[in-house]
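In the two complexes that follow, subunit A is the common piece, with subunit B as its partner first and subunit C second.
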Partner chain A sequence: MPITKQTIAIIGAGGNMGSAFAKSIAEGNYRLLLFDRNPEQLGSLHEEILLDHPKADVELMNCPHESSWEADIIILAVPHGAEKELADKIREVATQKIMISMANPIDEDFSQLITDPDTSAAEELQQWLPNSKVVKAFNTTLAADFEQPVINGKQVDAFIAGDDEKAIQSVIELVETVGFNPIVAGDLSVSGTLERMQLLLMQLTIKNEYNWLAGWKILHN
Partner chain B sequence: MYQVLKESFQEHVSLTDEQWEMCKKKFRPKRMLKRQFLLQEGDVCRELAFVEKGSLYSYSVDSKGNQHVIRFAFEGWWMANLQSFFTRKPTNLNIEVLEDSELLVLDSKNHEKLLEEIPAYERYHRIILQNAYVALQQRVENALGLTAEEKYNRLIEQNPEFMNRVPLNLVASYLGISPETLSRVRGQFSS
Partner chain C sequence: MPITKQTIAIIGAGGNMGSAFAKSIAEGNYRLLLFDRNPEQLGSLHEEILLDHPKADVELMNCPHESSWEADIIILAVPHGAEKELADKIREVATQKIMISMANPIDEDFSQLITDPDTSAAEELQQWLPNSKVVKAFNTTLAADFEQPVINGKQVDAFIAGDDEKAIQSVIELVETVGFNPIVAGDLSVSGTLERMQLLLMQLTIKNEYNWLAGWKILHN
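What follows is the complex of A and B.
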């Protein structure tokens, strides 16, 4: 874990996943920049973070470009459909930065993925941001898991996929700070599998009424 | 966002447009605010930073908590702790932002790639290191052989806008004299 504080921009911080991530990462040695296209969505997030972590270094931002420029790590906590337009806005300041793809390209009735079978949301994002280091992470966990990363005594696994070794190492540190068990699944091409895992988890959550608190755990010896 | 870096390259070497594009995309643009740290004591320095706008300074802190300024970097200058960068051992220096800055940061992996792929970059880097060595030697000579007055005079001769941008306590620390001595010297100088 670096001693020098790193800066994380959370784009879409007002959403379920964005705010859950922000609250739980605030414990670490990071500076957090919170941006949401609809500022009212952010509500009292800033105050809530400071209440739980009085020393947290957290700031509300009003522009995705400015947020990304200051950041070392950029978290896109927005639906996949909004990522292309966002990529155009931040591309020039996202060069060589870690870009975390949280999105699952799932259709409205949770029946299938909207991406082509031979690609994934993360790989598309990498195409739109060719000079950034896209890492798939935090997409196989539900928003409520961030508050409760240990369910029935089992620590939820969080899968990571990416092509850049150093970027993956930084993301492992994020996953550990949040409290999940990091598992590096492979290079970015594994993202499609991880996105399908979330589709299945959501389908089962609805069918079996898991109350939106559920996660993956690999049992092994 | 890359103008000053481009000028710095052009001052020393010639790059084709294609080579410039290859270089450019290896740098991480990073905006930083005053008093933030680019590097803190105990971390390994894995990056070289080029200042597009603003300024940085590096310093050590002794066992009594006194700050010793090693150097500054303004627009067009590079900043890193090269000792830590080359030996890959934890640094004993801090690099802090003096004025709100726009940096272009190159990590060691991309630096190695550029050295390998673009001979003009290797030449550029050699010239930068050469100049840094000369400046360092000059600084050691000044520190060992000059009076406080001479140190101050030489500093403002070489960099007239220095005094407008750097707080006096940091100037004194950089010159290795007390703030009181610096005030006295400046008083004499202005009269």
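What follows is the complex of A and C.
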């Protein structure tokens, strides 16, 4: 465990995935900065986190730029459509920092990906933030999995893709703190596979009524 | 169970996947026609099947055209690079038949797919065989999974994609006979996701030394 806490900015912390992540990471040795452009969504989240983890080091923030400036790791828990504008706002303060791409670029009726077939949300984010260390993570896990990362007796796998080994190592620690089984899937170009897997998981969740608690697992000896 | 047996032609039955499939389907109520362009590979397979299933209805064939002509379901257990030439040979006799695409269009060093990003091996096969009912199946399962479809206490999922409902139903029965848990993933366009998943599984199998016994599972309540 590092002597100085790492600081994590969660941009979009009031949303479904952002709040699920914030609650489950709060038991770790991290300083959390919560930002949402709808600040009223953050009030109860702050209380909920402190109720479960009274010693959690968590702050509400008013500005994505300020949040990112103070952070070592930035989690973008916003829809893919909002990422480019956000990237423009925080580009300078995100230089050399770990930037986690959680987004799944799925259309409104869960029928297809809206990115071109030869790229991915994560690779686009890396283009928009060329000096940040983009890591794809937490996109293959549904929000409910964060509260219950063991389903049907097996720990849900959480796939990680990125080009920077040290950044990947930090994200492995985040994944383990949240309670998932980390699997390093490969470099950032594997993100297209991970985003397609999540589209498929969402489609199957709807069709087969998994009640939004479902996750990927690789069975092996 | 149908009164008349369905006939399955396995083209490439001497290979890794073809022989694994042949052995595991032999306990079902099917007539099996085994073809391989290297017929010497088929001799011991025939004996092995009859040793485990003395009542199995299984024949060695000399010609892919003849095999397909007699079949209700045709399994192409050949590398993707061999599919087009084979499709040309059997096109006429494969009309209206179920054609199972098992192939994963992966390059020799398991680094990437060789198909264009906006298509898949299965969709290409459907283009080459426009009058056949192409169904993607058994591509997300490794050969060893056929012998051991329950890994670490969980039944391996086998994903199915296709455009014809009746054909999908027949393939579900095949999957169940082999011993996997069938999951209908969607129409044939989902094949690109399934082929990417298998590339990832193979890469992880090599990197993490799963000993070629590994399979996908969706955990859910």
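The rule is simple: the second predicted complex is superposed on the first by the 219 of 221 C-alpha atoms of A that agree within 3 Å, B and C clash if a C-alpha of one lies under 4 Å from a C-alpha of the other, contacts with A are read in each partner's own complex, and residues count from 1 in each chain.
Keep in mind that, in the parts below, a residue touches a chain if its C-beta (ideal position, glycine included) is under 8 Å from a C-beta of that chain, and two chains touch if they have at least 3 such contacts.
What you are looking at is a predicted structure, and each value in this text was computed from that prediction instead of being measured.
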Clash or fit (per the criteria above) of subunit B with subunit C on subunit A: fit
First (subunit B), second (subunit C), both or neither touched by A:Thr95: first
Superposition-derived comparison: subunit B or subunit C, residues of subunit A touched: C
First (subunit B), second (subunit C), both or neither touched by A:Pro117: second
Partner chain in contact with A:Lys5 - subunit B first, subunit C second, else both or neither: first
Smallest distance from any CA atom of subunit C to any CA atom of subunit B, in Å, after fitting: 25
Complex interface listing, subunit C residues touching subunit A: 117-118, 151-154, 156, 183, 185-186, 190, 192-193, 196-197, 199-201, 203-205, 208, 210-211, 213-221
Touching residues on subunit A, where the partner in the complex is subunit B: 2-5, 31, 66, 69-70, 72, 92-93, 95-97, 131, 166
Subunit B residues within the subunit A interface of the complex: 1, 25-33, 36-43, 105, 107, 109-110
